[in-house]
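First up is the structure itself, then whatever we jot down about it.
Labels run A, B, C, D, E and F following the written order; every chain starts at residue 1.
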Amino acid sequence: MPKHIAAFGEIMMRLQVPGFELLSQGNLLKYSFSGTGVNVLSALSRYGHRGTLVSRLPANPIGDAATAYLRRLGIQPEHIQRGGSSIGMYFLENGFGARPSRVTYSGRPESSFNTAPPGTYPFAELADLADAVHFCGITLAMNDDVRKAMKTYAETVKQHGGLVVFDCNYRPSLWGERGYELARSHYEDMLHLADIVLMNEKDAMLILGMKPEGTSREEQLQELIPTVASRYSLSTVAGTHRSIHDDNHHSLRGYIFKAGCFAYSETLTFPVLDRVGAGDAYASGIIHGELEGFDPQHSVAFAATAGMLAHTVEGDSPLASEQEVVGVLTGAVRDILR
Amino acid sequence: MPKHIAAFGEIMMRLQVPGFELLSQGNLLKYSFSGTGVNVLSALSRYGHRGTLVSRLPANPIGDAATAYLRRLGIQPEHIQRGGSSIGMYFLENGFGARPSRVTYSGRPESSFNTAPPGTYPFAELADLADAVHFCGITLAMNDDVRKAMKTYAETVKQHGGLVVFDCNYRPSLWGERGYELARSHYEDMLHLADIVLMNEKDAMLILGMKPEGTSREEQLQELIPTVASRYSLSTVAGTHRSIHDDNHHSLRGYIFKAGCFAYSETLTFPVLDRVGAGDAYASGIIHGELEGFDPQHSVAFAATAGMLAHTVEGDSPLASEQEVVGVLTGAVRDILR
Amino acid sequence: MPKHIAAFGEIMMRLQVPGFELLSQGNLLKYSFSGTGVNVLSALSRYGHRGTLVSRLPANPIGDAATAYLRRLGIQPEHIQRGGSSIGMYFLENGFGARPSRVTYSGRPESSFNTAPPGTYPFAELADLADAVHFCGITLAMNDDVRKAMKTYAETVKQHGGLVVFDCNYRPSLWGERGYELARSHYEDMLHLADIVLMNEKDAMLILGMKPEGTSREEQLQELIPTVASRYSLSTVAGTHRSIHDDNHHSLRGYIFKAGCFAYSETLTFPVLDRVGAGDAYASGIIHGELEGFDPQHSVAFAATAGMLAHTVEGDSPLASEQEVVGVLTGAVRDILR
Amino acid sequence: MPKHIAAFGEIMMRLQVPGFELLSQGNLLKYSFSGTGVNVLSALSRYGHRGTLVSRLPANPIGDAATAYLRRLGIQPEHIQRGGSSIGMYFLENGFGARPSRVTYSGRPESSFNTAPPGTYPFAELADLADAVHFCGITLAMNDDVRKAMKTYAETVKQHGGLVVFDCNYRPSLWGERGYELARSHYEDMLHLADIVLMNEKDAMLILGMKPEGTSREEQLQELIPTVASRYSLSTVAGTHRSIHDDNHHSLRGYIFKAGCFAYSETLTFPVLDRVGAGDAYASGIIHGELEGFDPQHSVAFAATAGMLAHTVEGDSPLASEQEVVGVLTGAVRDILR
Amino acid sequence: MPKHIAAFGEIMMRLQVPGFELLSQGNLLKYSFSGTGVNVLSALSRYGHRGTLVSRLPANPIGDAATAYLRRLGIQPEHIQRGGSSIGMYFLENGFGARPSRVTYSGRPESSFNTAPPGTYPFAELADLADAVHFCGITLAMNDDVRKAMKTYAETVKQHGGLVVFDCNYRPSLWGERGYELARSHYEDMLHLADIVLMNEKDAMLILGMKPEGTSREEQLQELIPTVASRYSLSTVAGTHRSIHDDNHHSLRGYIFKAGCFAYSETLTFPVLDRVGAGDAYASGIIHGELEGFDPQHSVAFAATAGMLAHTVEGDSPLASEQEVVGVLTGAVRDILR
Amino acid sequence: MPKHIAAFGEIMMRLQVPGFELLSQGNLLKYSFSGTGVNVLSALSRYGHRGTLVSRLPANPIGDAATAYLRRLGIQPEHIQRGGSSIGMYFLENGFGARPSRVTYSGRPESSFNTAPPGTYPFAELADLADAVHFCGITLAMNDDVRKAMKTYAETVKQHGGLVVFDCNYRPSLWGERGYELARSHYEDMLHLADIVLMNEKDAMLILGMKPEGTSREEQLQELIPTVASRYSLSTVAGTHRSIHDDNHHSLRGYIFKAGCFAYSETLTFPVLDRVGAGDAYASGIIHGELEGFDPQHSVAFAATAGMLAHTVEGDSPLASEQEVVGVLTGAVRDILR
């Protein structure tokens, strides 16, 4: 049964140099709009749910273009506030082979979202809007006002009986030196409020400071995640292990921990067209599974396939329908669909 | 010695989303014109033959553009009738990795070709035009009028001593449920008229209802094709086995059956740029070999290489010259040609 | 106060050759989706209203792309039915100077909209959806099933007290020879149901067969429109006189007839970037004026300015906000906005 | 009745910077192939005639691309020799307003055409190929071998009773200083061989050294052209007067002198999209009129309209059909064709 | 004799929607880099001078791209400091007819240039670098640190005997409400340091608060500029009057006041391709005239023509060579340059 | 410490068909400018050195565009002479899979560089300009005048104590039949003048006619290179072994021979985006190592990594900074840089 999901987070403008040129070679940029919340809602709306973004955009033609773009993705923009003067941006130069892709952020601290004055969002009104609300660790890295808004929203949702989803999504470059120390208490606050959490053993070790006895990442995962789930009363914890191979291939294996048990997807190995945003596709698959009451084994397989497919689509936002994910999940290698 | 080959079939407009975007993401389409007959004549004109298309296009700017495109490919358009109001189209969204390419047909049943009234084509006049005429199973799937025109043309050619080439090319989506049953008698009619036939053991089993004892496709092929050749008095039967691998690679192995003997190409494995139309390149190689009196072993090697090269070119229509096919067939892996 | 407007009509795919090339020269098409209803709702949603389209699209990637495009324009697609197999298309080659633009239609009779089976639309449910519903003479030209659906919808709306807007929009090429005779009774049916009608004296003479005594179009307009308004009990009749000048300039003068009085806009003369759909912008301005209770003089000036601005935007659908229309309406010639 | 026309001349590669950038700003070039003969045959094939080009191209992928391009235009390439190593090129940067368009030639002296060894063309075989052969003063400016080939071809055609068309087309930059002196005898040779000549009073004065008494160009034309026609026994002389206005508009008035009488077109004033090659469209209109036996007044009106329309099409080569030329010639200003 | 000119000012990234689409319609942006100093140095380097920019860019790929772009324009980037984290941007949507172009600024206050810490620039070292230094009123509008740096640089140059050029360039949107009051003392500081000033009577009235008796702008100009020149001991004052016509045409008339006398250019009327940056082309023409010792009448004619030509080139930065400016200044309307 | 390096060689215009189309399919070309000297200086300027090109370009818009392009790359164009009438060009059609890339040269023999009259370059003045000068065997293949200029320049540099770098770069197609015989004495002249030489055992065998006893290329290299170094008194000899694999992968292993010892890089295997110019990147790495006094083992590893990275960038000219080369050299496979 379709649900209504809200997401709280920044909308960024993505400016990508087409093909494999560098910014210093070319003269064209392809633009689109994304963000963790955007990506999660794009995926969930393709699975039949209704998605509403809670965010802030400037009241200018860039804000208008972002809004039109979100509508095209199927996202409800009614709860996007308009104000402030700019949007956070990132420039993307595609890598090739040994030359890594390069992301250059611009103007993020001054964006409309990150400079929203207290009281911008009517969280009390929003509390009952959706069945679940999605939050992300990237938002937590911004500044105190944003963190406060985020926690307030999560608390209100929790109080009203809504589901709180939290994706840890720790980005070292955003927290700076001694970032793990700075981040810990904020992450703990969010974990206490959350029902479903996306993370893996690295987050437990680096952010929460937990010290596993095992040495392989599989051992560490099995050791730490149950502790985290128990300590923060989480109903579901899920995440992935990613390996990056030479020649543009990645491997992904998803896990879910629920009701005391782990379930794992197969390890999927695949070529990568566009890597940005693929983690959000995995998260969306897990959320969809939880909302629809999937068996954990099906959830994790669905989520991993959705994650893989998100690497095969241009842009940050997942675009595969539920039918397409299931088609790949169950199908063999196939020729042209006609 | 160059020959004159005619082909009878529909000309379609191909509308491809550039790069790897979906139709719902982009705003540009690259257009070209193709069809089985177009593809076969494009290849054969590159091998030095003269190719004339017998088809029908609307008398409007789309028909003009199609005609100009065919001329660019080196195809003679003098026997394309102009009338009706539209052209069959297909939209192509390129797949990547596990995401398959997607073809969406539009307006095919109502196309000028498929609604040509009886008497459109002066088959009596056309009977002596060419040394050989190419027909295709896709045309056979259209409707009764088209089937009747096709058979009339083939009969007239046969009566005048021309060579009839028939590519089985069964497309399940065009025949619908119980399609094999519906198709059988029409295929049998064409096989009785044909000299050279493109097919493999699947066609013998599914369309003609033959039941092999062998279980591998190689066994089935060797068992069934001689029976087909004998039953329908075919001088030559040829075809391919294709395997689709992960990560955008295919394998292709060609066979030819002639004068009671099979010859096989090596199994070629290669990356795929554009898969549509590659089967027609293989057929063209076989036809070229027959017209030029190649040794069967050379024919099948040439045809398989031509088929492989057609996967490396943008668009449906094969563009490699005879010299280029032979260059790849005989050469080692090579650096830039300069 | 924002209203909710529905529109009933076909969604077409527009395929435009970029720049000034012909279809037989180029290899790229820019695609978008439009239609009279689409254009009217695009404009009205920019004036703050909510617009819902009642139409039908194929359940394939082309239908998905059309839906995404409409959402981007701000149109609600919830009441678009999915079924049938194709979409009507038109190809546009831009003219220059003495060389006129050229539109080639393709596949319109077989489109999902024009082949919708009786009972496709739940008109009873839709009757109360909107404050006003927009219909168009182009839809009336399609076929009996479409005409019947259109009249049924208009009757139901009328019965429920909704406002019926009808744009005569007679297209000679759609009705064929003796078209005016064929069309008359259908137009009369719609005029009897309508409250607001878009037309001018040409429609009264050619479709309704009225014979004015005056000879200039101004005289004929003043003579015939009051008769039409009275005969069909129309609250408002409005329309334009267009003159086409050499060198890519048009002139437009709007009129509105309401409560027994005519009001006229100034004659606006302006360069033309994209002419298709500009008439719908004028209609939208009139509808907006009626919904908001504008003074007729303001309505007609607003509508004419909106019509002019629609010629300055790429694509069929008007994109100017109310603020932009008013800015041009009240402003002097201006330099860059910065 | 359709005729067969041959043309002798160089095929050039046109490399145009898209839009209004300079070569030092951009990174893309749009390429096509043209030349006076190409342009004339493109127009004539659109009027229903058969056109064959006699020229020379390198036997490499550039020559292949040129051949495919000519076929697309509807030109027969059978008599294009393949040899030499390069093609003449010109780079085009579009002007705007007071900034003139800029053409930069590259590699013309060394082109395959301009370095064709004596004996390249089988003129004896070609003599009976066509009803008329077109030659151009630009070819005359190349070098002695080219001039010799051109005169030999014209003589052979003349001897076989074919029609010789000569377009004076004097280009100062190709002949250099004292160019008129150098050119005179060569022009006289061609005028003695020609039946139909394209020129105006400037050519008579500057190339042929004639000294008129009149001072306006109209007076000079009326004084000199009859003398030229008589001196060289020309059946038809025709040409244009062009005026260049500010803001991208030109005026064109055509004349034809035949059987002792002048006929003139109206003075057409129009905006210019692409000026290169428009003179060849006028010449083609005159040739078409002569081949079809048009009344001189109709010929000159048709030719001037064809010349005007050629300014409205991208690329050098005229693309309007006879029906389109007549449509503009007889029609009023028109809205979109649909 | 070539001179060395420095300019102090911000480098901005220009992000333009190609063609005539809005940001909410398209998906591509064309990027380049500009700024008043960039534009002035681009023009002057085309007149044979050496131009060095004194500015600040982030040490990231965007800064690298900006530097490469400036080098391409012929500007010396050695004195551009690298630091800070972002670049000021502006988005440009092209207007058409009555729809004005729209500029949306983004991230300017936080740009590397506008957040340069005190001491960033080694002004003492730079004092003797160039014969003249160009400053601009836009820089003056930024913030106190930037204003302080600008004045310090100008003072140092003045002390070392260099020429100080100041372009008033008042932008209301940058100074906000009561901006003229805020700006006055800063403008007065710069005027006291300047030798050559670009301004007109509007600046004298609005910024300096002067009250003319005349009513036409010509009278006011003649009344106020001599007073300004005398009050601030300016050797040269120059500027333009611009009129904006309908249909994409502007008129421009330049003046120069020097040694007690006014000289005026003709009023030039011309179509506009790209209006941004054209004022800087006029300023560059005046500076060039001053550096080369042109007669004032020639200076103002050269500058006005350079200004007109800058409207005919894509991008903000003037690209015409001295030869091209003189060609247009002295020439008649011309056909293609070839 | 940054050095100043000069290079002597031709600047070519590269005209590449975008994507994977053939010249006969497409209508767009991407243009850039390159050449061995250009590529080497592009790399070295990214490692912090100053690079000056000694060459010749036509004094037309193509020459202007080339100059602007070189400046953008960071190359000093002050010593590029302007004269002659054309530039050498090459057209590039990208291969795919078994279809090799295809390069078609055009107009090289007649280029401004290759037709520079004796005395064009002021070699005496240039002798002290740079710390090292780079020469290339491609230049040696052009004609006698170019060879003479090249040797004169090298001799002058040698006499003034500058470092002479010579890259053997033998291209069979440029020397024609019996090319090795023709080339030998010219190569010997350059080897006698050189300090650092790029070559491998193939060059020693084919050009210098040396006959090794070993059979593997490793044995031959170790046998012949010390002899060459000794015979021509070379301080450093370096080069690569390349293997071309199926499916767009190459392997590269670099060597350096210095002070009697060989050092080797690892064998790097990588996918190829753009192969042209990658050899120059390797050479640049060796030159950088020599200029900076790197340990030979570090030199060869740096150079091989730089060579590999040059295959991952669009265009001929290496664009990786020293930091980027070192990053890949020392790093593991990495995800997006952000």
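In the analysis below, a residue touches a chain if its C-beta (ideal position, glycine included) is under 8 Å from a C-beta of that chain, and two chains touch if they have at least 3 such contacts.
None of these values were measured; they are calculated from a predicted model.
Asker: Can you tell me which pair among A-C, E-F or C-E shares over half of its residue-numbered contact pairs with A-B?
Answerer: That would be C-E, since it shares over half of the contact pairs of A-B.
Asker: Are the interface residues of chain B and chain F largely the same numbers on each copy, more than half shared, or largely different?
Answerer: On the two sides of the chain F and chain B interface, the residue numbers are mostly different, under half being shared.
Asker: On a C-alpha centroid basis, what's the spacing between chain B and chain C, in Å?
Answerer: 45
Asker: So the centre of each chain is just the mean of its C-alpha atoms; given that, what is the distance between chain B and chain D in Å?
Answerer: Once rounded, the distance between the two centres reads 42 Å.
Asker: Identify all positions of chain C at which a residue touches two or more other chains, and write them in rising order.
Answerer: Residues 22, 24, 27, 68-69, 72, 102 of chain C each touch two or more of the other chains.
Asker: In the complex, go through chain E and note every residue touching chain A.
Answerer: Answer in residue numbers: 15, 22-24, 27-32, 60-62, 64-65, 67-69, 85-87, 89, 91, 93, 102, 104, 106-107, 109-110.
Asker: Mind pulling up the chain C residues that touch chain A in the complex?
Answerer: 68-69, 71-74
Asker: Mind pulling up the chain A residues that touch chain F in the complex?
Answerer: 19-22, 24-25, 90, 95-103, 105, 171, 173, 244-248, 275-276
Asker: Along chain C, where are the residues that touch chain E in the complex?
Answerer: 72, 249, 270-273, 308-309, 311-315, 319-320, 324, 328, 333-338
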